[in-house]
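Shared between the two complexes below is chain A, which pairs with chain B and chain C, respectively.
Entry: the complex of A and B
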């Protein structure tokens, strides 16, 4: 059996770790929402400011998960932590910015390098010096079974932990759910379709009505 | 054992595997000078499919690939609930900028009434190898019995301008591993293979697919590692997993994009792996760099090398241009390769490898 040992939600107006809201968007702030979290949580990683939104979201949720689970990173060898990310629209958010740049001036190389959805996993690998497996899939919607199947494949083929994320950002809509899968953990967080679906939508209190059918 | 067969290449060199194979035997390239292709109307060397039909090319190529390979496998496989389709692509449909994959995937699923929704894998330039490896893992775990793996990327202003902005495009057809190489030639194309737990679904004899792996460089999002760390680790893992040593490899189908840094990185990784003497090529001189299709097109071409008993010349290579020497195939060679290592490396620090073997 595998377990969900930590998780984080990042949405339009709130950011939560293990179900506890740690940050709310200040609409009056002069800073973009992700920079508000970065400052409030006192992160120091100047490269954050060069990243696109997918990579910034991956930085924030993965670092917050590590803080909530401080012994995690030291437990494994540098190639034993895999990454399994997915979303609906790939890097479309940054793709549109790149198109806008060349239609109104010149193609921007610093935008172009972020126009691939797997770059966020590269950024997390660089930050943590993780040399493990990585997979980015595009799916029409969050699918608990997809993560369970592919985590099982990774964990039976040499990986000891998997950092997973549903990583969708489209315009003002932010739906990021990052979670850590390990081989040992608490029984109430066993990696099952029910548990994972329930946790995935736990953060979406403002979406509960439309997503009511996701509650088991 | 996991089987791989029914390989297909659609490129400027042809619509069928045979046409592409004939072109490679003749050392013909799909790369040509395309007028007004670049930003500021620059002419560029690209591997472009002549396509008078215009719109919807991405979806049309995938449909064309499925129409072709369905004649190479048992009729029941395509529609079986035990079959998964995996589509490998970096950019999807460039005409659907806000949602580049879902419309094409839905169109393909509906067109053929597929039992399962295809999975898209988008891991930059290693996507094709990752997709074939994913097919292998899913079948070994018995989640599916068969996988149809299709890689496709099409040319667009987006991709061309992007690589121009990085100064990554060569000013001549690409010359992988050559001393005079100065950048990539972008290409478009579609490749397909069928992976199965059964050898009986194939009209022509299949080959064996051995488990592959990926590894990250953990170094840079758009530049290769100076030490080839991720490629070294991925190949080492793949070899160890299958209990194969370097002396059992007859050939390496390398990534070889023809940028100065990528090819140098690969030479360092293969040197560290003790593989400098193994005959090696890059197929980018024939197809250009077809991004998400590259890993599948090049695996299909490698399968053709095994079937036809030939090592294709590494087109564009004349003089050693990497700090570590490699055994680059400088002319078509009659040989009997049985075991081939295929590798890829790409943006995001990704590296992937797999092994195919004759049965």
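Entry: the complex of A and C
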């Protein structure tokens, strides 16, 4: 049996870890929402400011999950932690910014490197020196079965833990749900479709779901 | 105070999104690509090429010059002056 040992939600106006809100957006702040969280949580990683929004969200949620599960980082070898991410819009947000910059005559190389959605996993891997398996899928909607099937595969083939995320950011819409799967752990959450779906929807995934229905 | 060097420091911070650094943190001789300096990477090197063209109208036509030109704010200022004269 595998377990969900920590999880976090990041949305337009709030950020929660293990179901508890730790940060609310201050609409009067001069800082963008993700930078507000970065400052409030006192992170120190200057590269954060160079990242696109997908990678910033990945940095924030993965670091918050590590804080919520402090023994996690030192528990595994560097190739035993896999990553499994998915979303609906790929890197469209950054792609559009790059096209806009290109059309206005100042294309940015640092923007260009983020025009692939899987770069977020590269950023997390570089920061943590994790060299395990990684997969980023583009799906019409959050699908608990997808994560469970792929986690089972990864955990039966050498991985001991999988950092997963539904990582959807499109315009002002932010639906990020990041969760950690381990073979063993002190957790009341066994990895089942019902449990994962229930935890995922503790956050407010309504917009992604509605948009997904359009595709079906 | 050398206006060009101060301007370059501000441009570096803006172009490279060095949010946690101020111009006062960058010495004229701070190594841009050393971990003992600003710790810039290869993508930042491309951004510096964009910076020279965007703010100073200078195209770096000899890539082999890059290593020396982008060594520090001092070397960048020296290169800009040389190319503008």
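Here, the second predicted complex is superposed on the first by the 202 of 216 C-alpha atoms of A that agree within 3 Å, B and C clash if a C-alpha of one lies under 4 Å from a C-alpha of the other, contacts with A are read in each partner's own complex, and residues count from 1 in each chain.
Criterion: contacts are C-beta pairs under 8 Å (C-beta built on N, C-alpha and C of every residue); 3 or more make two chains touch, one makes a residue touch a chain.
Keep in mind that what you see is a predicted model, and the values were worked out from it rather than measured.
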{"item": "Partners on chain A (chain B, chain C) - clash or fit", "value": "fit"}
{"item": "Partner chain in contact with A:109 - chain B first, chain C second, else both or neither", "value": "both"}
{"item": "Which superposed partner A:49 touches (first chain B, second chain C, both, neither)", "value": "second"}
{"item": "Dominant contact partner of chain A by residue count, chain C or chain B", "value": "B"}
{"item": "Contacts of A:153 with chain B and chain C, given as first, second, both or neither", "value": "first"}
{"item": "Which superposed partner A:126 touches (first chain B, second chain C, both, neither)", "value": "first"}
{"item": "After fitting on chain A: smallest Cα gap, chain B-chain C, Å", "value": "7"}
{"item": "Contact residues common to both interfaces of chain A (with chain B and with chain C)", "value": "106-109, 113"}
{"item": "List of chain A residues in touch with chain C within their complex", "value": "35, 46, 49-50, 106-110, 113"}
{"item": "Residue ranges of chain A touching chain B (in the complex, touch as defined)", "value": "78-79, 88-90, 92, 95-96, 98-99, 102, 106-109, 112-119, 121-123, 125-126, 128-140, 146, 149-150, 152-153, 156-158, 170"}
{"item": "Chain A-facing residues of chain B, complex", "value": "39, 90-92, 97-102, 105, 117, 119-124, 130, 134, 137-138, 141, 143, 157-158, 161-166, 211, 213-222, 229-230, 233, 237, 241, 347-350"}
{"item": "Residue ranges of chain C touching chain A (in the complex, touch as defined)", "value": "16-21, 43-44, 46-47, 50, 54"}
